[in-house]
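Take a look at the structures listed below.
One chain, subunit A, appears in both complexes that follow, with subunit B as partner in the first and subunit C in the second.
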Partner chain A sequence: MSNAKRLFLHFRRTPAFVGFTLFVFVLVLNIVVQGPTHFFSSRSLNTLFSKNMPLLLTTMAMAPLLISGTLDISIGIQLALVNVVSIMVFQEWGVSLYVGFSMGMLASLAVSALCWALVSVVRLPSMLASFALIYVVRGVNVLIMNKPQGKVPEAYYKTYDSLIGGVIPFSALILLFVLLIWLYLMRTKFGRNIYAVGGSPRNAFAAGINPVWVQFQASMIKGVITGLAGISLTLMTASGNPLQGEAYGLRALSACIIGGLGFGGWGSMACAVFGAGFLVTIQNTVYYFFNLLYRIIPGFTVTSYWQNLVSDIIIFFGLLMTIVTAKEQREALRQGFVKQFKGGESATQ
Partner chain B sequence: MLPNRLEARMTAGQRIQVFIQSSPARMAVIISVALFAITVAINPRSLNMAALGSILLLTLVLSFASAGQTMVLIGGGLDFTVGAVMSSAAILTTYVMNGQDGRFLLVFALAIGMGIGVGLLNGICSVKIDLPPMIVTMAISNVVTRMQYVLTQGNPGGYAGPKFVGSVIDKIWGFIPSLTLYALLLVPLVFFLLNKSRFGKQLYMMGNNPTAAHLTGVKTDKIRILMYVFSAVLSAFAGMLGAAYMGTARCQIFDEYAFNSLVAVIVGGTAFTGGIGSFAGSIAGALLMIVLSNGLTVLALSQPVRNIVQGVVLLLLLIVYNRERAVRQ
Partner chain C sequence: MFEMCEIDKSYDAVVACRGASLQVAPGEIRALLGSNGSGKSTMVKVLAGTVKPNGGNILIDGEPVTIHSGLDCRRLGIATAFQDLSLIPTMTVRDNILLGNEPKGRLGMVDRKKSLREVAALLDRFHIDCDPDAYVQTLMPSLQSMIEVAKAVYLKPRLLLLDEVTAALHRDEVQLIFEVLRQLKAQGTAIIYVTHRMDEIFEICDTATIMRSGETVADVSISDATLNGIVFHMTGQRPDAQDILETEEFDREGSDLVLDVEHMALYPKVRDISLKAYKGEIVGIGGLEGQGQPEFIRALLGVTRPEEGTIHYMRKEVRFHSPADAVNHDIGFISGERNREAIFPDRSVAQNLFAGRAAKGALFRYLTTKVVRDFAQAAVEKYNIVVGSLRHPASSLSGGNQQKLVVARWIAVNPTLLLLDDPTKGVDILSRREIHKILKQCADEGMTIILSSSENDELLEIADRVYLFYEGRVSGTLSGATKTPERLVAAMMGMTREQNGATREARRA
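Coming up: the complex of A and B.
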């Protein structure tokens, strides 16, 4: 068997394969609908990255939680918390915006720790506990900032929107940074423990791993990435709004599922990236598809409601597709294990 | 339920713990009464017939919305389409009726039909395709919500017929809202479905242990799809009554009922794991939710403080009733 084919077969069995296939499919569609020259122009790529970085990062923040067997729906409103704290510290204390961002990051870590305490220490169902947190965080946000206000200095958001060397979007660097850190973490002991704990906390405990501690580490990573997402959101909107971003929680969760992450011990960060990429590209494709229709069919007008409906229906079908294929994948993996345990007669095919 | 010998040996603290945890429904009623007493003590003017009537009315609407959710949770599922279905039914009611009571049966048929459709979709996706119910019902709920905007252009018109509105908000003997008459019909029906019918028995069995139920010959797939259909139909009906109560409808008008009904059901002692729970508990849970919200309004707390109190109360209730077992046990 050729090397390339073996690599492909290996990739086919990884959890990220489904998300990758869906993502590539939509990406090609997007390029066709939008026109290759337009799509690959650095300005269009830059907009794509900078406008969608909060969703991408939120999804990546959700991934460690899902792998370790918990989840946090309140992650969306936490972005607003970071936003509100950053802006208010900057505005009221008269300090540099960097200090504001640091305080926002601390706030994000604090909420993550609270959520961890409720879910892992007090052992509440993560869905409901984090839903209750949405109310608490929303209230705190409005207490800190009672109405949308504040301004980010031009130099900051200009940097966020800029292209490095005229090619690479600045916002893509944040993504790269998070990915590199995650790759490093996966090579440490934590990288193995998190899968053990997510797969079965009981077995992990019996094997000498402390599930509560591992979930704490995962929560802290989530806190840092959520902080970065909140900072991206602040730079993107260049103002403060205490009630924005709540929908990011649900969208991030469905992006993870579409990307192929399971509830506990199944999936990887790549799943989250592809899943979020799928959502982002779908949104983009539908937008340009309707633009195309306007141009081709004279007198064709629909409201933006149609665009939303079409992209939500596609997301729904994406969900349906992943689970069907993911089932096959898990079955293939299980059979692989069975073969190995049977003495490896089929190890060399 | 404990044997007397055991009970005699318990300390006072243990007895209190057993009392609190043995019947969440009873506790929900006790907390509701206490909360209402506190509200009245702080602001005596809040004790009047109008307030009592409105608490009763809102509790009943939330109970109807929670009825289906109770079934789904007992069967080990989760239904987030309650809010979207209620909103859609409300829009359908005001739009089709448009002030004409004669169209009640038409509206009823349309709303129930829509409920059956959404319920079947929920059921088939979460049972036959084996998607996690939380995610798939959320996705479907999003699609249903988008449909509202597309079909009404974001601005639904019309209003409910005056007689239909009267049949919901008119007061019997000055304070009982006539919605209670619907409850006299609906509540026994749900009780029958859950406690006396074959469907109910099989539902509890399946929620308790799906494999065992399947092996004893229960058609688990059929029961699970049915429970989603019942849930959506009950939500659709609750949405119609809600439309009558509000008079007019807008998109996403009842969306918060998705989570409110879930919380009411959980507070009423229905377990997330399936197999445990009762409709009586859900009614008590709905009462607690409404009394809490009424109290927060009466105390004239600012919106952010209200939000924080709501969140903290929900967390406290979860801590009392829904803790999972420790890894070491």
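Coming up: the complex of A and C.
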């Protein structure tokens, strides 16, 4: 067996495979619909990255939580918290926006610690606790900023929208930064512990790991990435809005599941990236697909709701596909058991 | 020298250990033996840090130590291979073995090359042939057991605890583990070995500590112990393997065969079970815990689907798709796991009693409260359940009364065949006696009852015939004159006539 083939077979067994396949499929579709020259132009790539960085990062923030066996659906409104804190600190205290961003990051870490305390220490069900947190955080947001306001200096958002060397989108650098940190973490002890705790807290405890502490570490990583997502959102919208971003929470969760992350110890950061990539690309594709229709069929006009319907149906099939493949894996496993045991039986007789 | 002194542990009202003690020296392989509920698993869990004892001391070389977590164990050099495995199913073999003990490399990262090398060497030592990067959940159970042992050995412990690790293994795999154990013993590791396979004890162990009802009853050296002696200590009965019927064709002329199971298999727990039940008979199923009894009962009921074998019910071959299907064929099921599988705690006593009846009949038939209440009232009077009011929730009853409630629920619909899985587990003696009375009465009225029980006395008392399960097979059938405690114990331990003689000869030689 050639090396490449072995690598492929190994990759096929990893949880990221389904997400990868879906992502590549839609990506190719997107390139075809939009036309390769148009798609690969740096302007279009830059828009794709800078517009979708908040969702991509939110999904990546969710991944460590899911791996460690918890989740946080209030992550979306937390982006607005970062946004609100950054803008208000900058505007009211008259300090540099960097100080504002730092305070926003701290706020994100504080909410993450609160969520961790509720879920891992007090042991409330994570779905309920984080659902309740949505309302708490939203209230805090409105307290800090009672109506949409504020403005980010042009220099900042121009940088965010810029192309480094005219090729690489600046926002892609944030993605790269997070990925590199994560790659490093996965090669440390923490990288093993987080999977152990998510896979089976009891057995991890028996192996000398403190599950609550590992979940705290995961929460802090989530806090940092959420902070970056919030900063991206601020730079993207260039203003403050206390009630935006709530939908990111559930979208990030569904992106994780489509990408192949399970609830506890199954999946990887690659799953999150592919899952979010799938969601982002599908919307892009459908947008250009409808543009194509407008051009081909004279007089064809529909509202943008139709675009959403089409992309949501495709996402639904993507979710369905992850379930089908998971079932296939289970079935193959079960048959393996039966075969092995029958083999063993005849050997001893 | 590792010592456990005067360990006490009780779960609610159930006493698991009562002043139990255990000691093991470096270079010694000590068997820890005991029957169902003897407390040996609790002793292992205390030493592994997963259970906190109510009293007693643990001493290492005379120094008292406290063990509260897996971390304490690692610090003290204690490693455990658990029966129900401590592997993380969603992680690879390599990550599992190294978990918590990864070799350190540069910048706080795990040394990948070294970890690859060490895991390869370890797998080689145990002759485990598998990909170190395979996810544990995709491996077959016997391989997982081997990896569980390898993982414990990798920690290079001073004390190695092995809790029934060979239950899922084949003979040759057991030999591989024994080889490693002998090496460890030569290096001065203390080993505590828990098993129910007697031949393994004589092969590998030096000494044995025997427990019964939470107490340490004997401390023997294997070289001058006999199988009969050990089993006597474990059960308080002298085993007698004479006249245990073994899969012999049991055919009763004239009476109605209600259930006839032939060669049922549901791997890994149930391997080959044949069982017959006649009209008006109480058939007992006994054996040590975890020999496939609950799996067998649930396969009969259609919860799981047997992989091999046939089931004839009322002379017709059947294969139930679900418990509902079985109930429609007049089969009732009573589980010992009241809270999980039988009681609706927040529903009223009357509704609980009616549940068995409600499972049958038309789905949208209109039920008045009166129908339910009258039905329940009749059942309460007939089966003597003490209730304050039929309207009170079932959770307000005592454990014994709850169990009677479940029994009454099914008896009241008068099934042809009633399956019971350890129905008197944790039930007080009075309620137990009443349940027995009800069952006997029903059998006299022509109901067929299959009763699985972990209590030998219960089986001997009320069962007409007893099948003993051992490692997913029937190791003996007792009835009439052969239904004695001695024979039951022998069959429970998987002792057959030949094996018993052979071991005795081996001892003599």
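Definition applied: the second predicted complex is superposed on the first by the 326 of 349 C-alpha atoms of A that agree within 3 Å, B and C clash if a C-alpha of one lies under 4 Å from a C-alpha of the other, contacts with A are read in each partner's own complex, and residues count from 1 in each chain.
What we mean here is this: a contact is a pair of C-beta atoms (placed from the backbone, for glycine too) under 8 Å apart; a residue touches a chain by one contact, two chains touch by 3 or more.
None of these values were measured; they are calculated from a predicted model.
Visitor: Please indicate which partner A:Leu128 is in contact with in the superposed arrangement: first for subunit B, second for subunit C, both, or neither.
Guide: first
Visitor: Have a look at where A:Thr303 lands relative to subunit B and subunit C in the superposition and call it first, second, both or neither.
Guide: first
Visitor: Quick one: is A:Ile313 in contact with subunit B, with subunit C, with both, or with neither? Answer first, second, both or neither.
Guide: Touch status of A:Ile313: first partner only.
Visitor: Looking at the overlay, what does A:Tyr98 touch: subunit B (first), subunit C (second), both, or neither?
Guide: The answer is neither, since A:Tyr98 touches no partner chain.
Visitor: Have a look at where A:Gly139 lands relative to subunit B and subunit C in the superposition and call it first, second, both or neither.
Guide: First partner only.
Visitor: Mind working out whether A:Trp213 is in touch with subunit B, subunit C, both or neither, as first, second, both or neither?
Guide: Neither partner.
Visitor: After the superposition on A, what does A:Phe205 contact: first (subunit B), second (subunit C), both or neither?
Guide: A:Phe205 contacts both subunit B and subunit C.
Visitor: Considering only the contact definition stated at the top, list the common interface residues of subunit A for subunit B and subunit C.
Guide: 205
Visitor: If we count contacts the way the header does, which residues on subunit C are in touch with subunit A in the complex?
Guide: Against subunit A, the touching part of subunit C is residues 48-50, 69-71, 73-74, 80, 82, 85-91, 95, 98-100, 102, 107-110, 112, 133, 135, 137-138, 140-142, 170-171, 267-268, 271, 307.
Visitor: Spell out the residues on subunit B that touch subunit A in their complex, using ranges where they run on.
Guide: Residues in contact with subunit A: 125, 129-132, 134-136, 138-140, 142-143, 146-147, 149-150, 153-154, 259, 262-263, 266, 272, 303-308, 310-312, 314-315, 318-319, 322-328.
Visitor: Could you please specify the touching residues of subunit A with respect to subunit B in the complex?
Guide: Per the touch definition, subunit A meets subunit B at residues 118, 122-125, 127-129, 131-143, 146, 201-202, 205, 211, 250, 253-254, 257, 263, 303, 305-306, 308-309, 312-313, 315-316, 319-320, 323-324, 327.
Visitor: So in the complex, which bits of subunit A are touching subunit C?
Guide: 10, 13, 184, 187-189, 191-193, 195-196, 198-200, 203-210, 262, 264-266, 333, 336-338, 340-342, 344-345, 347-348
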